[in-house]
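Per-chain numbering from 1; labels A, B, C and D assigned in written order.
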Amino acid sequence: MAEILAGVVCSHVPAIGAALDNGKAGEPYWRPLFRGFEPSKAWIAQLKPDVVILVYNDHGSAFSLEMIPTFALGCAAEFAPADEGWGARPVPVVEGHPELAWHIAQSVILDEFDLTIVNKMDVDHGLTVPLSLMFGQPAQWPCRVIPLAVNVVQYPPPTGNRCYNLGKAIRKAVESFDQPLRVVIFGTGGMSHQLQGPRAGLINPEFDKRFLDRLVADPQALARIPHVEYVREAGSEGIEMVMWLIMRGALDDTVKEVYRFYHVPASNTAVGHMILENVAPGAA
Amino acid sequence: MAEILAGVVCSHVPAIGAALDNGKAGEPYWRPLFRGFEPSKAWIAQLKPDVVILVYNDHGSAFSLEMIPTFALGCAAEFAPADEGWGARPVPVVEGHPELAWHIAQSVILDEFDLTIVNKMDVDHGLTVPLSLMFGQPAQWPCRVIPLAVNVVQYPPPTGNRCYNLGKAIRKAVESFDQPLRVVIFGTGGMSHQLQGPRAGLINPEFDKRFLDRLVADPQALARIPHVEYVREAGSEGIEMVMWLIMRGALDDTVKEVYRFYHVPASNTAVGHMILENVAPGAA
Amino acid sequence: MSKPSEFDDIPGTLVFDGERSRQGYHLNMFCMSLMKPENREAFRADGRAYLVRFPMTPEQAQSILDRDWNRMLELGGNIYYTAKLAACDGLSFQQIAALMTGMTQAGYAEMMLHGGRPIEGNRSKSEWDRG
Amino acid sequence: MSKPSEFDDIPGTLVFDGERSRQGYHLNMFCMSLMKPENREAFRADGRAYLVRFPMTPEQAQSILDRDWNRMLELGGNIYYTAKLAACDGLSFQQIAALMTGMTQAGYAEMMLHGGRPIEGNRSKSEWDRG
């Protein structure tokens, strides 16, 4: 039986990928950020998950305005890094886990989530930057990755409550899979950032920190935050945080916070990162 | 305020389109079928809806295996007839209703249906055959059409219950639209048919007729039918009937059956057709 | 990933679940390519050469060249996709259905005119085994 | 079809709802086309000629040629799409963000290094009007 051991939240700013890819990770601007992920790299290297379910949003890279899925699950064998206008990131091709992905797709559709199944998809910085932060720059990613792309570009995104419940359905699906896989789920995007217009550069550390606190202790309350509050308090692209609730829904009601890191700035953005473990891994 | 006046169910067999397009509608094989739709053509010509919401399934025409949405709502200004391998049907381009379609999309996503918004999509026989049956062969379709494509090709389709509830959410969306549009909703596909393999040609009129009866009087019971029962009793492609529940969910709990027609065969298929009116149209 | 096992008891019927979808991916994508007239021409001109564009198994390619409609389904084809190959060949859904049942075209058409294949005796594999 | 009106009170912020999505469809699809190197080359070689491929309004085309990043958004552009035009120009997200705020690059970078734009005073249009 497969098992979800832990959840990771992590911002996915494109400039972080560019800094790594261009050898700037040691510069004074970037050093504190990458240092903040050193404990996490050690943690995941020790945990050795077989599969990461990576919740992220596509930024108009794989999906155009021609077709905008609310939830799209990547069931392919591999996913190539996208060319977002400056060439594809020089990172390994992402290997999927088609058996588990199809199993999750089937299970959550029968649980009345209206998934889009995707068998061909390039993955942009939203997916590859969190992998870089957690795994560094290996020649090959050390585990399989199942991408779950959530629409947060076209209004309206799914509600926080819907995301939270999808997380629960994913957990149920994983636990009914008949191979002994060790799974970690990532929720990515956020924290507060606004990339557009005269209010660009908005950072609201109080909102962010309270969000992290409640993500640990009171996710149900978070799931009730309306979209407008994210946009007002955390910036127009801060709405990406709604995706973190999918990760949280897939964990136990009570979790152990094993690590937290918060940093400003990365380009226009606050970076939030946290590792949550199910309290009794192996007991499920 | 827009209003859903009535629902129509109707099979969408490709051979029906071919018979019409090739001038065979008067032949003895086809005459009884088209005669069965004469009262319906008169009915809808008198009703003059502004918009038809047309629930159907794409048959691997607009959507390939690259991307399989459970529910895809067509929000474009127009939709061209698809070339399904023998050239596109010689029928008018389908004009959409982007304002109402986007309104429905926004409303049902906030009601926690995980829609895929589609802005570019060719429409195959699943959509154009019901239009031909209800409107004949005009130079231009007499109303706007909002396509709602439901996955019933890739297992698993949405549950009957999910379809029924989506219908309810669509009704709520339509009734909150601020233009006085007269809307009819079509549920298409079915009735019993199996197109594949050694059991091809399966027809189960008892199942079909009971389905029609319960569609009028006890849709909640229908919504509980598991997928396997459709496939066993109504054939592997009989599963398309699950889509009729979306139409039914968008109507009043109590409806008036104003017309029914059942015919065997059209090619490999039983043809079922029914018109249901909300009991107090205009009173909503 | 697979469907519930109850589906397996339905005779003469393959459910297009995730497993079949993965198996038949390139076969079905080949069929879909025939929606473009230029591809139909290329395929008609040299089927074997055209099929090389799609990384399917030799068995799948052979089932296409043989127009073995049941075999295509067994190898992961989906009827709505293989119907595009039929359309390209100028065959109707009824014609390929007849081929898949092993009946003659006339016999199949006759059966349909008389109400189709009855459900009695066709619900369960156990009924087919007895027959 | 539009978002709830509360969104309209947020200063300096456009929500990409259905109305904007329809308005900006071709502008955004143009931006997305720049994901292909050959399209970037064609656009760089003759921007005006390249834009003819996308049936947008003259105002939209002009906003692109002018690199008027705020105007693009007002005309239905979405930041994640216009960012592809920025990438094609070799500009970072931070550079176009600074341009959209009307600050200097140095001033904007300095603000970010000191914790970014504060939320106080930036929640409501009424706060901006008072300022």
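Definition applied: a residue touches a chain if its C-beta (ideal position, glycine included) is under 8 Å from a C-beta of that chain, and two chains touch if they have at least 3 such contacts.
None of the values given here were measured: they were computed from a predicted structure.
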If I rank B-D and B-C by number of C-beta contact pairs, which comes first?
B-C
Any idea how many Å lie between the Cα centroids of chain B and chain D?
40
Calculate how many whole Å lie between the centre of chain A and the centre of chain B, each centre taken as the average of the chain's C-alpha atoms.
37
Can you give the whole-Å distance between the Cα centres of chain A and chain D?
25
Listing for chain C: what residues touch at least two other chains?
3, 17-18, 21, 25
Indicate the residues of chain A shared as contacts by at least two other chains.
65-66, 106, 119, 154-156
Once you've mapped the touching chain pairs, tell me: line, ring, star, complete or other?
other
Would you pull the chain D residues touching chain B in the complex into a rising list?
1, 3, 17-19, 21-22, 25
Considering only the defined contacts, which chain D positions touch chain A in the complex?
3-4, 6-7, 10-18, 21, 25, 28-29, 31-32, 34-37, 40, 70, 73, 78-81, 83-88, 90, 92-94, 97-98, 100-102, 108, 111-113, 115-119, 122-124
So in the complex, which bits of chain B are touching chain D?
75, 98-100, 102-103, 105-106, 119
Under the definition above, what is the set of chain A residues touching chain D in their complex?
14-15, 18, 59-61, 64-66, 82-87, 153-156, 192, 194-207, 228, 231-233, 236-237, 264-265, 267-268, 270
Touching chain A in the complex, chain B uses residues 65-72, 106, 109-110, 112-120, 154-159, 161-162
